[in-house]
Amino acid sequence: MSWTIKDIPVKELSTGEVLSIKTFTLSNGEGPHIHIQASVHGAEIQGNAVILKLMEALKGQSIQGSITLIPMANPYATLNKHGTYTYGRYNPVTGDNWNRNYVDIVKASGFDLDEFCNSHKDSTWEDIKSSYKTKLSQAFSKYTNTLKDQNRIQDNNKINIILQELALGADGILDLHTGPTATRYLYSAEYEEAISKHMLFRHVLVIPNDFAGAMDEASFMPWIHLKDAFAKLGRDINLDVESFTLEFGSEETFRMDEGSKDVESILNYLKFKNVLAGEPEAANPHYSKLKDYNTMYAPRGGLVDYHVAPGDHFKEGDKLATFYQMKDIDPENPIASCSHTLVANADGIVINRCPSSNVHQGMELFQIMTNTYR
Amino acid sequence: MSWTIKDIPVKELSTGEVLSIKTFTLSNGEGPHIHIQASVHGAEIQGNAVILKLMEALKGQSIQGSITLIPMANPYATLNKHGTYTYGRYNPVTGDNWNRNYVDIVKASGFDLDEFCNSHKDSTWEDIKSSYKTKLSQAFSKYTNTLKDQNRIQDNNKINIILQELALGADGILDLHTGPTATRYLYSAEYEEAISKHMLFRHVLVIPNDFAGAMDEASFMPWIHLKDAFAKLGRDINLDVESFTLEFGSEETFRMDEGSKDVESILNYLKFKNVLAGEPEAANPHYSKLKDYNTMYAPRGGLVDYHVAPGDHFKEGDKLATFYQMKDIDPENPIASCSHTLVANADGIVINRCPSSNVHQGMELFQIMTNTYR
Amino acid sequence: MSWTIKDIPVKELSTGEVLSIKTFTLSNGEGPHIHIQASVHGAEIQGNAVILKLMEALKGQSIQGSITLIPMANPYATLNKHGTYTYGRYNPVTGDNWNRNYVDIVKASGFDLDEFCNSHKDSTWEDIKSSYKTKLSQAFSKYTNTLKDQNRIQDNNKINIILQELALGADGILDLHTGPTATRYLYSAEYEEAISKHMLFRHVLVIPNDFAGAMDEASFMPWIHLKDAFAKLGRDINLDVESFTLEFGSEETFRMDEGSKDVESILNYLKFKNVLAGEPEAANPHYSKLKDYNTMYAPRGGLVDYHVAPGDHFKEGDKLATFYQMKDIDPENPIASCSHTLVANADGIVINRCPSSNVHQGMELFQIMTNTYR
Amino acid sequence: MSWTIKDIPVKELSTGEVLSIKTFTLSNGEGPHIHIQASVHGAEIQGNAVILKLMEALKGQSIQGSITLIPMANPYATLNKHGTYTYGRYNPVTGDNWNRNYVDIVKASGFDLDEFCNSHKDSTWEDIKSSYKTKLSQAFSKYTNTLKDQNRIQDNNKINIILQELALGADGILDLHTGPTATRYLYSAEYEEAISKHMLFRHVLVIPNDFAGAMDEASFMPWIHLKDAFAKLGRDINLDVESFTLEFGSEETFRMDEGSKDVESILNYLKFKNVLAGEPEAANPHYSKLKDYNTMYAPRGGLVDYHVAPGDHFKEGDKLATFYQMKDIDPENPIASCSHTLVANADGIVINRCPSSNVHQGMELFQIMTNTYR
């Protein structure tokens, strides 16, 4: 049982440096393959601490199957600085969000699922899975070769294509992100909601089994399509491939002590997958559906005093933030004249907060979970 | 016949300044309404010169109908500087392209087109149009009120909603843009391809009658939906509402002398619409379909010597650009050792070029029309 | 006793909006004039909370003399966003630090101090002060008029000239700033070190009585020059004009609750100046000389786990931060292989810290006070 | 006679990539050493074309002495993109101009020039030069070692220190830059004004023999100090070490065809230095003193139509540019109501122009030479 390290070039800069990513793979015999990547958004670096802690935890452990770890998965996004902060969420040239350019490969490649399902109608699930992975891999290669032939590999999709291809054969895909100023929370698709309790997050955002361009979705969509195609044939598939986005707190932050706690999520999932020995625990998280996950946009511009912090629970009528507008000050009555308080119109939990108190009208102030359930 | 000027606040800054847009409307009796806006992308300022030249040309002229002109339609996009250049294509906070957040209002509002068409089955087209505009306006108000109630007016859509609502009743919508380093060209939907020759552009890019978020599409989609709905009832509608995106050369450029020529496009269209008296001319442009409009991405990083300029026609095998990579230099054979030439693999016309010769792998180098026809 | 409000235009944007600042002045009879401004660096907004709290504290109070308050003193710096953060320390077009373009007016204007001192050799200090302020004001007007005539008012100095002229007649000048991620501390010139204890800060950075372009220096330099000129004539002047930079914590932060504490500094200073009635308190701060104020630059690039926070005291040999370099990971020994710990080579107090853990070689990691004394 | 290539690491990124520069040195026997570097400002890339053309021209040529070429001398500055443009003039983290952090090493190191000159009073100039270079090199090493010991090597000075040290022993230092939108021109110190005609530029800007932080100045200051120190001893030194900044047109531009012409400047200088055989030519440039080199700042904000281009000569009273302010439009009289024309108040030559027509009040519009002479 030993590590394999690969260096994969991802982008040649005008200056000649070739940015690359490293994949660290640990394998032992048959078993599930787990793919874990961090920092696709360049400022979201805590996942790298988690990966280091995971490597540390795996020392001397015996695994069953294989794990691929990709720290610093998008170096171009991480190296861009405007001032001291990292401009890592969007491509600095094109403005594109780095986590919206993955591909729904079954659709994009014109994969003939009906043909596949018909020919595997009576196969075991293990055989189906194995055969499907092979076919997916072929379809993906063909798809990317076409892009290359047509010179359609661009700034916005190259890193995504590379990462998605690396994750294609995995049985568990964990994409490690953070929010802006944020609490810890998990994106889980509806089909894996029951399993998500083993990720040990306190907040779970349940998203539809649909595609909107992100890595988690790109990784589970082939299996959703497969399940749907078999359903049409009357066979019910119980998927055992999961894909989650794990949000480990705030951007620009790298804390090894918090990494020690964060890694528990992943170690527990590895137990759940039988990659590590041991009984997985289950948490009792707060769930919220994507439709109940509300972004509050700044109703005006001004300086903002935030009254609630990520992780806080609030009630309808609670004060969330106060806007102060210096242009409106009446010095005889300074605070009342220039301030407006934003009040919650429903109960909820604060998940993300704008990292700045200097806010123009229309900027994202908060993202909150409402209609939470356990 | 006189001008009406309105000032519409569009965004309160944290500093208290409220950015606003001005609409200048000239009306005279019954007739079509033409909506013209410039600079939704902040660095694309030549349209403002065109609007000034248009106002100048309208002095002492008699029009039939009405024209609304909106220069500097997105002031927040225009005021952002990073260095001496304008960061105007994308929202500086969110990275979103300012011309991708309009709305397909018929779909978004759940407009009941079948009901509408059935009840107007035998109406005249003029009555249908008038009634449809009223209904669209109601649907749009309802839609935006819901957004407001749910605090979903954000940085990325507010200016788009305001502009789209202003253009809702128009019979001609002209959105004035520029490319990066670019020649002049026109976006025309398929349904208006025949009419597009009256816009007097030398290059016409023909896009599907579909929605992808841009102003021109958002403005013609209600009419496409209407035409389709009547087609199901067996009635063929000959649309006389047009929506074009006009690309007036390169960003960061403002030239009144070129504006004198650019405005001819619009004056001719106004004649075509009978808003101005006179016989419209027709050009003989090069057309290309969107599927034949190719973006060439940099296959490597380096310093780029461009061999073709926007507007140039080239043949398969022509040299388009040479990449030089300083890290690869062998001083005994300097140029050969570090250079790679990009050759055209089809005939075409250069439309846009990257404004910088300092290019990372994956950046957009050229946008070219292929399979052109006249 | 009432407030006077003035609106002063400071910059016309390309879009036509004219950014302005507001001055709020409260006066009552004879007495010192105090000038207080906030947010010359655009992300350093806590001073605005302090000004609001000060206005609130002044309600119903009787002052002796006058106070001018300028919140949001540099709106162009505050409105610039790159991502969610504010690009407010440097001019986005030119890169110039907004607090380095003030002027040493005595030198720049060629003020004849010898002549002035000779003609006021035997005047009272009050007469000297009054006459000097008048002469300074004339010199400043002449200086700025020359700049205007020569079209040398630029992006980088206009706001500074306006603010400096507003502060010219003041007996106390307080420039409210913040650090990046920072504790509260005070910049005090050597000549006012003894007085600085009345500002009630825990950390005082003692800078030379010299000019390096900042507001505090520009405001005290005329008095230093005057004192020096009289010293040559054998007369010792005990200056009673002070100029401080007050650093209220971290950028991007606006907290009214902390403002309640922060304003105590200013209220106490107003008592010290007899603008407010009451006995001023004195703190027992840690002092450090500018020469002992060390910036620690990142000796390498990597992800940084900070072990000390602003305000922390540390000892020689203490661990300050650990760098983790993902490219160096040996998965058999992950943490040891890729980490380097930075150890203090002297005792000190952390004042500022880089707000990001994503750090290139050479970036500022910490600013620390060493050789502190009380 | 062959090339030596060295790779010098200059900056470790957080992502682990180590940016490096390459030096290419050609030597042959005794003779002067020439140091040529390009792209210290990241967007100013034409110098790299010139270096390639120079290498090409040197093929099969015999030189006397040595030449060091450093293309892409500041890779961190070149790789930063905000949008498609390069943010290369200023450090993206600190805002510092990359060509203002060199050091006046004689002053900074406390070099004892009196002692040196006294001990070389009667030496030949060749001996003095040789000995001085050795001493400078020692002083520089000591200086940089102190910086390293004190952890004062930072983002803003590391690349400058490396480049300056590489150039320390040179007899000719050529720093290849460009302007924003610019004509070709040369910075020459007063002491080398007579020689500057051999650089074959049409425009020469004559700067004082003083230090303001730039590479050219840092490279000639040791020789100015030496000349001054010998002058005090009554010995007149005729300096034969030159240092120029060569401005090759506009930023973001890389043109090999123009490089063919640009390289003539350098080849001619090499002849003047006897590094290449042949008689150097002399041009008849327009000279202007730095005090007559005027920056025109935008007197208002607006969209700018430029009437003169870099390289143009204009007369007092000529129209230079017109500002158009969309907020001021009166549609009855559109152009007159919203435009203001800037008129030259002296004869001059346009050297630089702002690359954007979208201009806020206070931005640099033009840099012009006045009081030119030949």
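Going in written order, the chains are labelled A, B, C and D, and every chain counts its residues from 1.
Quick note on the criterion: a residue touches a chain if its C-beta (ideal position, glycine included) is under 8 Å from a C-beta of that chain, and two chains touch if they have at least 3 such contacts.
Treat the numbers as computed from the prediction; the structure is a model and nothing was measured.
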item	value
Shortest chain-hopping distance from subunit A out to subunit D	1
Furthest chain, CA centroid comparison against subunit A	D
Centre distance in Å when subunit B and subunit C are each reduced to the mean of their C-alpha atoms	47
Separation of mean Cα positions, subunit B and subunit A [Å, integer]	34
Geometric centre distance via CA averages, subunit C-subunit A, whole Å	42
Subunit B residues counted as touching two or more neighbouring chains	13-17, 72, 78-79, 81-84, 89-90, 93, 303, 326-327, 358, 360, 363-364
Contact set on subunit D toward subunit A in their complex	13-17, 19, 72, 75, 78-84, 92-93
Partner subunit A, residues of subunit B touching it in the complex	11-17, 76, 82, 89-91, 93-97, 150-156, 158, 294-297, 299-303, 325-328, 358-364
Subunit B partner contacts - residues on subunit D that touch it in the complex	3, 5, 22, 24, 26, 42-43, 45, 48-49, 52, 55-56, 58-59, 69, 71-72, 78-79, 81-90, 180, 252-256, 303-305, 322, 324, 326-327, 329, 331-335, 338, 354-358, 360, 363-364
